[in-house]
Amino acid sequence: MENLLQIKNLTVHYNMETSVVEAVNDISLDIKRGETLGLVGETGAGKTTTALAIMGLLQKARAEIISGEIFLNGESLLDKSAKAMQKIRGDKVSMIFQDPMTALNPVLTVGEQIAEVVRLHEKCSRAEAAARAKEMLETVGIPSYRYKEYPHQFSGGMKQRVVIAIALACSPDLLIADEPTTALDVTIQAQVLELMKEQIQKRDMSVIMITHDLGVVAEICDKCAVMYAGEIVEYGTVEDVLDYPTHPYTRNLLNSLPSIDGEIKKLQPIEGAVSDPTNLPPYCSFQNRCKECMERCTEGNPKLVEVAPGHWSKCFQHYKESEAEK
Amino acid sequence: MLRYIIKRVLMMIPVIFGVVTIVFFITAITPGDPAAQILGPSSTEAQRAELREELGLNRPILVQYGSYLKNLVLKGDLGTSYIRKAPIAKEIAERFPTTFKLACYSMILAIVIGVPIGILSALRRYSWIDIASMSFSLVGVSIPNFWFALLLILVFSVKIGWLPAIGISSPAGWILPVIATSVASLAQIARTTRSSVLETMNMDYIRTARAKGQKESVVVFKHMLKNAVIPILTVCGLMFGMTLGGQVLIESIFAIPGLGKYMVDAIMSNDYPCVQSSVLYLSVVFSVVSLIIDLLYAAVDPRVRAQFKSGKPKKIKATAKA
Amino acid sequence: MSKIHTPAMDKAEQKRQKFQKRRSTPFTDGWRRLKKNKLAMVGLVIIIVYAVIAIFPSLFTSYSYVTQDYTSLFAPLSRDHLFGTDNLGRDIFTRVIYAARASLGISLLSVAVSLFFGGVLGSIAAFYGGKADDIIMRFIDILQSIPGTLLAITLAMALGKTVVSLMLALGISTIPPYAKVVRAAVLTAKDRQFVEVSKCLGANDRWLITRHMIPNSLGPIIVQTTFGIAAAILMISSLSYIGLGIQPPTPEWGSMLSDGKQFLQMGTAWPMTVIPGLAILIVSFALNVLGDGLRDAFDPRLK
């Protein structure tokens, strides 16, 4: 399968007044057509920044792309003009935002907001766009007679359905879902997740599912990338990463979660706090919290190493044989 | 919706009643003998006593208040001018249209210029346009409007001689008064528009609109402005009230035969009832304008409409920074 | 110490070092932000100068504000008469200087009046809520539906044309915004944890209001007061212009303008109109700029 999206050595900083936040540090990612990638990590790991960089929606005033390239279908997104990006956003790539409560414009009807994206990217009349919008509402499980209602008349879960409808309306090649269920009640989370799963399976699109919920990853994704302090520390198929985690952080993360299969284990929280993103060490960022840390961990920053075919991990532990090459 | 409007109109009644009461009792505490004022210093005590009897000034204050209210509600009677002995209601009715026209022209000017300036400043934040227009707005809110009026006359009438200094007999006569009256509202509207747009700019739904691939211009006009408009409306309402008050001086400077000049003349001649009645009249007009503004909220914001339907109006918190 | 070093980092580092050593409380932070706002600092300096002039007018001029000199009426600007003389040959510079006193004094007192009544009404409304809140806020609404200038005019007329009545008229007519600001601030403070703690420790209502809520709602009140003084100065001059308030011969900027108006058509009399207005403009501009700066400093949401 060909790569739909390629991210090469992307580094993004936020230049604040008295500090520079190193949000994303030299990450590379490939996503194949039809593949669903789970992007996992704690808050502040750089997941959303990566997504916004792909969308071309980083805050111009603060964010700076230091290096890197992003290709969609072989075309470089970072070189595109603002106009050209407008054509791509919503059509080829679309995004679902975290908080449905604020993601919808309160003074426009939900129908209008769905029809808007259709009108923008497909040559069709107002009536056709409205018809498409109604269709989309039904698709996400909202009766189409609610077309003329306003966001404040919808519950949080319903609003997120509308946001999903907007994102899917133009059948994008790539959907970025930024923690689509985090802001919802637990019972609603399951429903929305079910809806997303159904739509992902039905459509031939690639998905980046940003989440800190490994359960979501297990349920929906094909591949999984674990981010820590702006870097990808482990990448592979979901089975590889969740069943045979190789990076100490991933292992820690899995141990810190209660198991659903009823296995009773003592939960092991990850001690310490994430490295200060305004002052990252020049070596492994996880070193200060790592139980398996070695002497050389403070000597340099390890690179991603292929520990098994298609399974990569960024830790000196895997350097044993390949070390000589470096 | 209609039911709500009716309800709001009815709710205005206690407010107006309160205003009438406040204004009446302010009059009542006025020191001095009205009879002496009316008859002049040469009158005898007997004459004064007779007039007091005639005007009912001897009665207890609450009885006076009752009959004042009765006359006001039943006959629209605002009392009689001390000096001219003419019915005030008629005098006010003659002058009000001019005042209202001046207020409306100034508000229109202020909105037509102030809102675009505010939007532009917000979008080009920290650019020279922003800095220049916000500096001018700062001067605009700080400048005493009557001094500005005098300056306008000094420059455009006395020095250059382009425009008449007084009177509104020709359309050109309106130009200076309208500019002088609108300067404060224009500045305040520009400032509020700017901060309101800035606040809306960072909302998530603006990002959603961009994520759809929407053009920047549409993002601004369709998504931002409709949300930014409530504080702007609020400040327009407040400014209308300020305009009505500020006109008092402007009208007398430009010799415009409106309520403002009427009031200043009455102040000069100690004609209390005229002043009180004018204040009352203008306050009612202001209340009506405020009501219209409240109803306009509903036109732009479905959430307000929803409150209307459920019959539980909630005051919208305005972010206006006055 | 970072993965990739950029020039932006050096800049940020320099700034951070500059700020790191200092103590940080809401007030020092606010003051620091205010200090960075050059325009606001210019405003502050102007206000200080204005206050000094108002308190010690005799330091700045050798003339008396009442001395009439019929040999030099409408004198142009000169070294003797910096801003010329008026229709009675009085030195305009001197009169503008002395007028600062009246406008500063009355504006401060009137703001104190509205702050007192507004503060009492607002904190009672917020603290007790329910009926008290309803009644007080309804009253405030009614008061507010009379345009401020008009209410002040009515009150000033009713109370008589004296300085005290002017002060009361201004003070009473501007109660509503203060009551609202204090109410909002107290409502916010009321929800804060330490108020709960104090209550549990047996503090009474007055203690809670004066020791906890008012200090914690000071920011918005200071901002409102600054704008309020600017508004009061404008209003004083407006009222004096139409003959209410400060009476001659005491110089006041508004009444000086009113004198000047009569000679507007006379080319040489322009300083009588221009100078006093400029004084009002400068002071109210300075206060507004400072108010803006204070608001941004204490409420940095929009920064």
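In this document, chain identifiers A, B and C correspond to the written order of the chains, with residue numbering beginning at 1 in each.
What we mean here is this: a residue touches a chain if its C-beta (ideal position, glycine included) is under 8 Å from a C-beta of that chain, and two chains touch if they have at least 3 such contacts.
As the structure is a prediction and not an experimental result, all values here were calculated from the model.
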Centroid comparison with chain C (C-alpha atoms), farthest chain: A
Chains most often in contact, by C-beta pairs: B-C
Chain centre separation in whole Å, for chain B relative to chain A (CA means): 53
Length of the line joining the C-alpha centres of chain B and chain C, rounded to whole Å: 22
Residues within chain C bordering two or more other chains: none
Complex contact set, residues of chain A against chain B: 55, 57, 82, 85-91, 94-95, 97, 99, 102-109, 113, 116-117, 120-121, 150, 152-153, 163, 166
Residue ranges of chain B touching chain A (in the complex, touch as defined): 203-205, 207-216, 222-223, 226-227, 300-303, 306
Complex interface listing, chain B residues touching chain C: 14-16, 18-19, 22-23, 26-27, 29-31, 138-139, 141-144, 146-148, 150-151, 153-154, 158, 165, 195, 198-199, 241-242, 244-246, 248-249, 252-253, 263-264, 267-268, 272, 275-276, 278-279, 282-283, 286-287, 290, 321-322
Residue numbers on chain C that touch chain A, as the complex places them: 1-4, 6, 8-9, 12, 15-16, 19
Complex contact set, residues of chain A against chain C: 11, 13, 15-20, 22, 25-26, 64, 66-67, 230, 279-282, 301
